[in-house]
Structure formats: structure tokens, C-alpha cells
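Chain nomenclature is as follows: A, B, C, D, E and F, assigned in order of appearance, with residue numbering initiated at 1 for each chain independently.
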């Protein structure tokens, strides 16, 4: 997992500061201010309470650092690591007030992103015997897309486009308006920069046959069953990257992969993955 | 549902603009720009693809408006409404480019928040025969807390505190540091403004007996089984609001409620509720 | 004063950066740039030029640090401390340009907030023989509320709610629209989270009698004279926290307090307290 | 007062949005949401409760507009107008919730800025028989400088520089470091753009004599009594604009003005002017 | 030019507001406020003072609208249009103060972006007899990249990647670190999402031969003369998009294009194109 | 060049962070992340590839520091220094990923600002035998004005006003509206603070004669030829600072300067100066 991309430092700082301000509101942690003397030090351990795959450790570290640079944070697991129940993810020590004030934000990042990594890892494992890779979509929580897509990488998945501007994905409505698959792809090619890929979504094998001739970089086969996918793969015949989407579940994913597609995209791994249970146990004194 | 609080307009605009910028990246929807002429108009229908409870309609409306004020958005359901598969949530018409460009952001808000409302409604329904109300926690997606808590209201739930600064919640670590339940509550009361409530978390009935004497506004009974909860309710004897948390699931929630507690808080309804499937069907021309 | 809450670091940094940018405009301190060589070091002393109570020392420290991290700032008084004319509040040394560039912003924070702390302390002292506590209002300078409310704590006062969202305060207009004191309180209770307090403002003893039955957490007795307040206190009979407001001056505050109220709120301590005169004397070389 | 400069629209919008967000916190006006139905309309009147000079009407108008564009705001007085107790400043009508939610922010702007205008007007009136004009300083509340300086204009005063970058003001510390009055002025002139004025502060008549030879645009006579000021005015002999500062009070200002100075600067009018009492009376239905 | 992508509305508004705030500083246009009565109306004409290609009309329009929505702006040319000296680009009428206050910002956008469009158009024209397209680089003015790249489209050019994250461009340093062209491309392919293109920069024909085997989407031939480029084109043999860069000037560009490359990238068109002279003539009354 | 003003630290940090975010997009440098191991260290040298004058070194330093504080940056030239081809401007060492990720933003600042400094220096040199100084205008790239004006200082030039609010510049339209030169200057003087200078633009010698009587601080002689300028200088007779503008080129500037003007303003040095070619050579291992 050593080649996992690193989230840019500025991006992490901005996200952490925004999340802390959301939790601090106007004046911060009034409970700890009232009950904990500023000189009290504490130690804490962030641990997994369920098995899963970890994502978000740099955000957790940056959270405590933003509350008080005096907090020391030692990561025991890095993003992408598998954990069992009870495994220590990080050790923390420093002013008790700062640890208590940062706890929830740090855990919210860790739990949410690790949940996505864990859900991704599950699908990834189910298709490991094939060449298919699980990838994400743009169905992400507003404001968290880059982090959620990072979590997908942590789970062994791959990233689809990050937004509306970094690749062209021609869908049914574009095709309808443009007057067909071929004119849509040609219009896209005329506008696209030479480093912008073009993918086209098709619903039928007839559409697919037309599409392949127009030579997109990738085709998205939407809602086809495994047999139809297999036919589609044969039609494409290595002339485009093949993505399958629709009805992707733990039960169906292996059959989809075995049809020979390159990518299987799942909105579920970002928009519906349950949070991974992670907790912070604090010892003071 | 007519008394549902309204999200402040400035808050909605900020959230929608941020989400659109995340999706637009540097230059916006290059697919639609390439394949859709600017003069083409379209009509669309946002509909539920699963039954559930709707939340986030004002965010969806503001999304299209922010892309292009020329888009007309007519809500057919308001936040808090129950929908069946196929029910129309809103009708849209206007420039096709704008509708296509705003689609994903609008659906991401609607799907995410309606998922929370739907999960909340499920628990609310299971305790409807009791006086217990389902409430949320601070276990929310960073940056989305106010909207997620709004979705909890849409599902018939109630809100816990919104952050670290609007109420005092004394937990085990505060108690340990402060030297016991009583000194912790007294320290909190000495600091708190007269409109700030104080809640204390207790793990045992002995702690509870000590706590009640110190007269907090509320007690949080963490991880107690229904029998213990029932004993706790008797001990409190209407001297404080009673919140139960821990092991709250669709299976356990009714028994917890029947123990006589006032509030049952669930992190699951915000951090792990699956998105509600909502879609936008577009017709052009 | 050791239990005074600490302003969150992120909040202080944001406020200081914004204030410096306001003073620096497009290019910063053109006078010092023109007349002071960058290598010149200076020492400075921030001192009180009038007696009072100090608030804002962390903001002054953060101001110089933001201009140039090479400036050393040693606080000789902490927030909440009483000072006499000439008392040293802080000692500073470092690059002369940075000290000169940060001087006015640091003093503006210190003077403004210490003025509020001093005004608060004056009222607090006048009611020290009673159980009444002086508290603030939402009548604060736009953008500075959290700092001004912190200054009220520094002066020995207490905080009222911080904004429209952290407590319910039902005023005459709400009562009129809701159809009376009782329905207004009931509507509020139905909506409020279990950690949100409800206060109701009453103008007459009849209104008060009705209000108390509806069991709000607090009542605000507006513009009543001491005798009426005394009657009101008797009517309430410990069933709610009692706040008095209106005509609160140095002359009237003791009599109001002696009527037995719990809180006396004053807009004057935030919106009209004169700045405390604090100055920075610099020695170079 | 028709030539009073207009605050830029973008600046007003930003200030108003920031102030509303400060007051709304995470979720807005929970009291009105709970007790006031969304369809209820209201009318309101903003009136002066003390005599004074008005400033901030555009901010009040923009506040209600930002809460809800459906609120109508009709100004009955414009910035700079004198008011007596009871004079109507503006009439408002629209959704009751919006009027209640915007009330405090609108009044905070109006009261604070009108307080400054009123304090300024008082000093202006006391020197009306002379050529001296009252002007402000950089001793302003952080974040509000441009608005406070606008209020000074509303009170008939004049503006000093707006920050560290729009004019050069050489003070004692600059003189000490630069090696004297003459080298300091010469260094400033060498650096300054041709549209940047240079003012030098002097404490003694000897310093003044040296300064005048170096030909600054203005001299600041700090803490001189009227007789010394008179001597200083004679020494300057129309070769520079003359500003007096220090010990400027309602009692002393006329004598200072009669000494023949051009400008009298007062920190008090911005940092210590009490708020002008303005109120909003609402009628619903 | 009807298919030119439209800049997203939110992006235009943000850019215009930031530019206006930069020009307005703390208080706006003090000259017009002093000399122009608020009721005076004016008409103005934005015209080209040199021949060229226009870009930035939507920014100019949004500028005046942001100053005062009462200004009417009628575009007579759209982005991408060719103009001769004297051609009218837009007609404006409305409050004189607003037109004067917005003039410089509007012209700065128009002049800067039209300068880029004009420089691009010049190169585009010189290669019109070939299949080569002129494209931009990341050598753009900080903060203006998306607008400058839009201007390149207006001039008939194409866009290279918009930043570090939307395509992979492997340069000499990456190759050195990765241990050669082949491992670098393979590492990139392993990490890249399926909609991310990979381009590799080569300096020699030997490197090129190795690169082509690794099958990148594009190769960048840096600083090769036309003969070498011709050889390179033959080696690539349609297996990758071919980009040439280095020493691209008005004199050399045709020969480079004639070598058979697909793209010729020029930093000069963004970082060094002189502004196009555009002016605003105002008539008042 | 030791007296060159220092850009405020906060301003540099904000500009650099914004530029990095523009280049990083959603996820940062995907090429380096894919091909460069995080532990690889590199050294780099920023050098001039053309002769010129340097500006922007602090921005380049801050850029690398913002990407990763572990990067060491040692400046070998400071802003304002002259360089020959090959001269080293700075040496860098640290993590290879950070150096590669920051390279383009650092060079974009350096190249753009050094281009302006170099263009300014060229004009400055051409008028060095006169008392005239070259100065800038408000014709700057949106968002970069303060940095571009700093670059003008680096080139030996002087700054005109920074925006609409820091000095009064009365142009033909203001004169037309105000009813003539004299009333315009008088209106300006009545409004202007005592530290705000007033400049008036005149097109004819008759206008000039009228203007001088009204005693502005400066006059701007627009588009006059050297003979007319010489007459104008005689008319002004040291009663105002004299600025010339219009048709300022490398060919004409000396003759304009020799006419005896004080300032010659050029839009070209900011809006059209070509970037100075600076490069970063990296050695890894």
C-alpha cells in the first residue's frame, strides 16, 4: 500500500479546520473548559471496534494538531491497512482539553472514510480472481468527494472521474440531444483537450456497436446482466476500456467481473457504506 | 409536518455553491458543453426509486437555481413527506445544460439527506407507541451536520446538541478528571450560562444515584439493557430528562423505548444510513 | 480566574488575520517599511493607562505572532486580571517593523475587550452582596460577539445565549403570533431539542403567572421596577431561573439585584462600554 | 448630506451575511421557527429611542433582504440624518419569521454606527464656529473600520487614513529609528508613491520647526495645550495641514479648534461612543 | 464559434467580486463619490482600439452587474469574435457612478483575456493548413488559469491539462526517479483512474522508441527541430497523440506543425501575450 | 535595494495557497504520486534563462514551504536583483514529490513578476539621466495587483495609487459631470480626507491652466507630445507633481522624461510585459 497517493497538506488542513469550526460553533468545547483544568495531560488510543480497512489517519492527525499543536499523534496504522477489532490505529498524548475537543471530529473523519474503504475492500476481494477493478462514482457526500475517493483507493478500488470537468462521460440525455451516439462522440472529441478521455454510456448492444466505431476511450455498460455483458465484451474486442454499472452488490459483483469488464463502478461504496466503528479511549493523569 | 424548521437561506446557498464548485472543478460540465447546444431546453422529473422519507428539497431547488436562475423548479413533495417508489418529488424545466450540470449535486443532497430521514423514520415508527423520541448525535459527516440534523427532524426525530458549544455533556473522561460526578456537574453549573443545559453520562446505577442529586437537566444512560434502564427510570423519578444510547438498532429500539426513557440517541441514523435512491429523468425538446 | 474558558485557537487566528488584513490593506505598513530597516530590533511594553479589567491578551499575542513569528510575547497579566494605571500587561521583543505593524490591531482588541470586561466588572461589583449575576445580550458589535462575550466572562459576568440557535427566547411578538404565553411555550417545547432551554419574556405579573404554569426554564422580566420584581420573584417561587432586564445602570443595578433575581442582563456592557486605554511603549536598539 | 459617499454594495452584502451567520449559528432562529407559522406576515417600524444622528441604514436594509428577499424595507431617514426620540427611521413589512430573524443584526449595525455618528456630530457642532474638522483614527473595532469611518462622515466628521497602507504617518518610534525628523521624512518621501501623503507627528515646537523644513504634507501635534497649539500654528504658517490629537473631549475640543488647527482627531468617537438606542416595533397580522 | 464552452456562472461571479474588492479596497471609488451625483446616468461603449480576438465579455458584463444591478450591458461581440480597431464590443448604460467604478476591472479582464485570445489566434492561423492545433500549458497567471485557458479556446486553440490532477504528464525528473521511461509509464498506469490520460515527455528518439512500446496516450516531444519531429512522427506511427513544445514562435510554428504533430503547446500565449487595447468611452447626461 | 518594502507575510501565504489549490485541483500531483516514492529526496536550482530583474522570490519560497515545510529554500538573489542568463536565484532541497508539486506555481510567480520588474527596469534605465520616475497604473491582472506593483518597485519604478480608494484621480468624465475642472477639484477637496491626494487629468494646456489654479496635488498630462509637455511643465511651475501618460514606449520614454515631468506612468509594464524565463533543474538521489 506504499504507493497510495498522499492527500495534499493544504487540502487536509482546510477540511480539518472547517470540520472543527462546525463542531466548535462560536466558542468551542464548553464541557471540557468547565470540567478539565488546562494543565491536565492525557493519553489516548484510537482503536478499531470492528474489523475493516482504515482511511483518514492523516485527517485525524491534522485534527488534533489544529486544536493544539502540543498534542502528539503517533499513527500505528496507515491508510489502506486492514484492522481487526481492537487494533490500535493511533496513540495520542497531550493536553486533555485538546484531546477531548478534537475527539469527535477526528473519529467522524476516520469512521466515515474507513467505512468507505471497508465497503470497497469487500467488493475488491470478491473480484480478486478477475481483472476487473472496483471504482467509485460522483455519488459522494457534498464537500467530501476527494476524501471519499481517497478512501476508495485505500480499499483497493480505483477512481472514476472527480467531477464534471476532468473527463467526458456521455450519457443517454447527451446522446438524445446530440442526435445519436456517433455525433455525440464526435462533438466531444472536437471540444476535448488531448488529455481528456471520452467515455460513452450505452444501454443496448446496438448502441454499443455504433459507439465502438466512433472510438471512445471507454464505454459504460449500464444495467446489463452478465450474459449481455459477456456479449458486449466480445463486441468491444479490446477497442475500449469497459465499465459496468448498475445492480452492483456483494452478491452480483463477481458475476459481473467474470464477464470480462475492466471496471465496475459502485455508488453504494460512497453513498451508503456504513461508518466503521472506531473509538478513542482516554486515560488522564 | 408544517412546523418543520426552515433552513436559513444563506446556509443553503453556501452549501449548494460549495457542492457545485466541488463538482464543477475548474471549468464545469465539459460533456454538456460539448454535446448540448446552449439554446436547448429540457424538462425533468425528480422521483423516488425506493419508498422513504424526503429531506433536502430546498437544497435541490437552490442547486439548479445557482447553476442558472432560468431553471424553474416546482416541488411536488416537501421535506418530511413520505414517498413511494415512483413518486414525483419535483419537476424542473429550463436550459438543458443547466439541468444536466446541476443534476448530480442536487441528487447527492436529496439522496443523502432522504436516506437519513428514512432511517430516522423507521426508528421513530418503531417507538411510536411510547413517549420516547429518537434523536441524533454529533456523529455526522464533516461539513454536513446542520443538514443531517435537519434530515433527522424530517424523519420525525429530534435533535441532540449541534456541537461542543451549545450544551454541556459530561462524559466519563470529564468525570474522571473532575474527581467525580458531583464535582463535575457543579463545575459545569458554575461556568454555564443560564440558558445552557447540562447532561451527564452515567454507566452504572450507582453513578446515576449520585448524579441525580446534583440535579443535571438530563442524564445519558449509556449501554444499559432494558431492565437496567427501567430501574434507572425509576431512580430518576422525573427529576431529569432521560436519554438512552448504545446498541440502538431496529431490533432493540422498541424495548429501550418501553423502558420509559425520553430520548434514544442513534449515531447510525446519520453516519450509516444508506442513501435513498432518487433519480432525475430528463426529456429534451 | 484560572477556570476562565479558553478561546479556541482557530477562532483567535481567524480573527487576528482578518483584523490585520483590514489594517494592512493591499501592501502593509508603508511607514515602517520606509523608515525602519528590516534588521532593527525593538522591545515594547503594553501597559494599562487607566485602571480596569483585562481581556484579549491571547488576541494581542496572536496578532504579533501573525505579523512575524519572530516576535516574542510574554504576558504579564492574563485575561480577567485587574490592573492599575501603569501596570504592565505584556512585554514584547523582536523585529521593530513587526512590532510597529501589529501595534494598532493588538491594542484595538485589547482596548475594546478590556473596556467590556471593565464595565462588566463594575456592575458585578455592585451586586456582589446578592446572588444575582450580570449577563450579556446579543447586542454586540457585528463579527465580535464571541470575543465580547468572552470579555464579559473576564469581567466576572455570565453569558446569555450566543445567537438565535442555541436557546429559545420567546418575546412579545412570538407570544402575540402564537396566541398567548401558554401556546408559545408549548410550541417551543414541541420543537426544541432536549438540551435546548426555553426562556419567556413577560411584561406583567399576569403574564408571569400564566407563564410559570407552562414551566419554562427561565423567565425574563422586562422593565419592571424593584418592587414589581420582588413580587415576581415571589410568584415564580424557584420554579424558573429569573432574569431581569431594562434600565440597568450603575445606579439601578443593586436594587434590581436585591429584588432576588438570578440574572441581570445588560446590553450596555457590550454595545456602549468605553474602550480601556492601553498603550504600547517601544524602545529600539 | 446628499454628497455622502455610498458604501459599495459588495462590501455591505459581505458584512451583512457575516453578521447574520454569526447570529444564526448552525440553524437560525429556532424561537421563531417554533412559534411563528411561515405564512404569517408582519409590519415593523424602526425608530429612534434617543435623539442622535443616523448611520447604517443601508446595512439594516441589506440585512432583511439577505434573510428573505420578500421583506420590503422603506427607509424614512438616510445616513447622516438627525433624529429625535420617536422618529421613524424605516418601515418594514414581509414574512414575520424573516423580520424577527433579522431584527437584532439590523439593530446592532444601526445602533453601533449611529452611536458613532452621534458622538461625532457632537464634537463637530462644538467646533462649527472654526475651520477645524473632527476626524477619526485607526482605533476602530476589528472588522468594522470602513463602516465606522463611514459613520464618522455621517456625523459630519472627516476621515483620517484607513489603514497602514494608504498614507504615511511618521511617529516618535519611526523618528527615533530613522535618526531624526528630517531623515525620517526624507526616507518616507523616497519610498512613497506620488499620490501618498506624508504626515509627521511632533511632540515639541523644536521638533515642529525641524519638521516643517522637511516639508511634510501634514503635521500631527500630539498632546499640546491650546497655547502651544497656537504657537505651532504660527510656526507652520500654512506650509502643512495641521492635525491636533490628545485630550480631545467635549470640554476641550472648542479651545483646540480655536487655536487654528485644520483637523482634530479623536479615537473616542469610534472606540468609545455609546450605541444609539434604536428599536424595532413589530405588528403582525 | 457557437460551441465555445460557457464559463460557469458561479466561477464568473467569484472572479469578478474578488477583482472588484481588490480595486475598491476599503471604501470604493472615492473620486466618483466626490464628483458624480448618485442620480446621474451615463451611457458607455466598450470598443477595441486594436484588431484582435475577443475573450472575457461575460466577465465584463458580470463586473458591472456586481457593482450595481441597475447597469444594463448589451454585448455586441461574443467571446471568440474577431474585431477591428473601433469595433464596439458592448454598450452599457446606467448610473454613472457604477459605470465609472466598474470600468477598470471590466477592461482589465477584457484586455488581458483578449490579448491571450489574439496571440493564440495568430499561431492558430499560421498552422491552419495543417492538422496541428495550438494548445496552452500550465504557465498561467496565478488565480486566472481557467479564464486564460478559456481565452485560448476563444482564439481557436485547445486546452492542455488544467492542473496537476486531471492528467498524468511524466517528465524527465519522473523518468529519472522511476528508473526509466517504461517503469514510469507502468507506475502511472497502475495508479491512474481509467479516465485519466498519460502523456510522457521525451527528449530523444531513443527515449521515444522505448516510450511508444509502453503505450502512453500521448507523447510530448520537447525542443526537437522540424526534421527530428518528422522522424518522431514516423516512429510513433499513429500509436499516440503527438505534442511538440519548445521554441514555439510565430516564425517557427508553421514548420513544427508541418512535421505532422497533433498539438503544439505554447507557454507564451498565456504568460507573455500583450494585453489587447480595449477602452470604454462614456457619455453622461 | 535593501530598502525595498517587504510583502506582508499573510498576503504572501494567502496568494501562494490560492495558487497551489488552483494547480492541485481536487487531489494534487497525480504524476509524482504515481511515479515518485515518498522517501526520495531531491535538490533543485532555480536559475534565470534570460537576463533580467528578479521579483517574487518570497512567493517562490512560500510556495515550496506550503507544499511541505520540510523543503529547504535558500535564496541566492533577492527581489530587485539583476540576473544574467544562468544565474542561480535559489537552491532547494527536500522531498522530491514536494519540489515537483510546487515547481510550476513557484515559477509562475517568479516568471510573471520578474517579467514586470525587467520591463520596468528597462524604462527606468532609459530615463536615468532625468528626474522622471517610471510608475505603474491600475491596469493589472485581476487578483495580482499588489504583487505586480511590488514587482514595479523591484524594477526601480514607483507606484501609482493601488485602487479606487487610496487617492483621487479626476478624469475627463468626472470633469464633464462635475461641470468643469475647478468644480471637480473643489468637490474632491471637500470630500477627501486630509491624507488623500488629488490628481487631475488634463488633455489641453487650457485645461491645465485652469487646473493649476485649483491647486491639485498632481496633474496627469495625457497623450501630449514632448513639446507640449515642456510647455505644460512651464505652466505648472512647480505648483503640482507632474505625471505624463500615453504613448509610453521604449522609444518615446526618454523624450517624455526630458520634458521635465516627475512621473511617467505605463500600463504596458504590468499588462503586457512578457514573462521572464526562469527554470528549475532538479537532481534526485
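Methods note: a residue touches a chain if its C-beta (ideal position, glycine included) is under 8 Å from a C-beta of that chain, and two chains touch if they have at least 3 such contacts.
Computed from a predicted model, the values in this text were never measured in an experiment.
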Chains contacting each of chain A and chain E, listed by label: B, C, D, F
Farthest chain (mean CA position) relative to chain B: F
Residue-number overlap at the chain A/chain C interface, same or different (half cut): different
Distance-maximising chain from chain D - centres being C-alpha averages: A
Interchain centroid distance [CA atoms averaged], chain B/chain D, Å: 44
Between chain D and chain A, distance of the C-alpha-averaged centres to the nearest whole Å: 51
Inter-chain centre distance, chain B versus chain C - centres from mean C-alpha coordinates, in Å: 32
Chain A, residues touching no fewer than two other chains: 3, 5, 22, 24-28, 30, 33-34, 37, 101, 145, 162-163, 165-166, 169, 187, 190-191, 196
Touch list for chain A against partner chain C, complex: 17, 20-21, 24-28, 30, 33-34, 37-38, 66-68, 97, 101
In the complex, chain F residues that touch chain E: 15, 18-19, 22-37, 40, 42, 96, 100-101, 104-105, 107-109, 111-112, 115, 138-145, 162-166, 168-171, 173-178, 184, 187-188, 190-192, 196, 267-268, 271-272, 274-275, 282, 284
Of all residues in chain B, those that touch chain C in their complex: 3, 5, 133, 135, 158-162, 165-167, 169, 187, 190-191, 193-197, 199, 217-218, 241, 243, 262-263
In the complex with chain C, residue positions of chain F that touch it: 2-3, 5-11, 145-146, 149-150, 162-163, 166
Residue numbers on chain A that touch chain D, as the complex places them: 22, 25-26
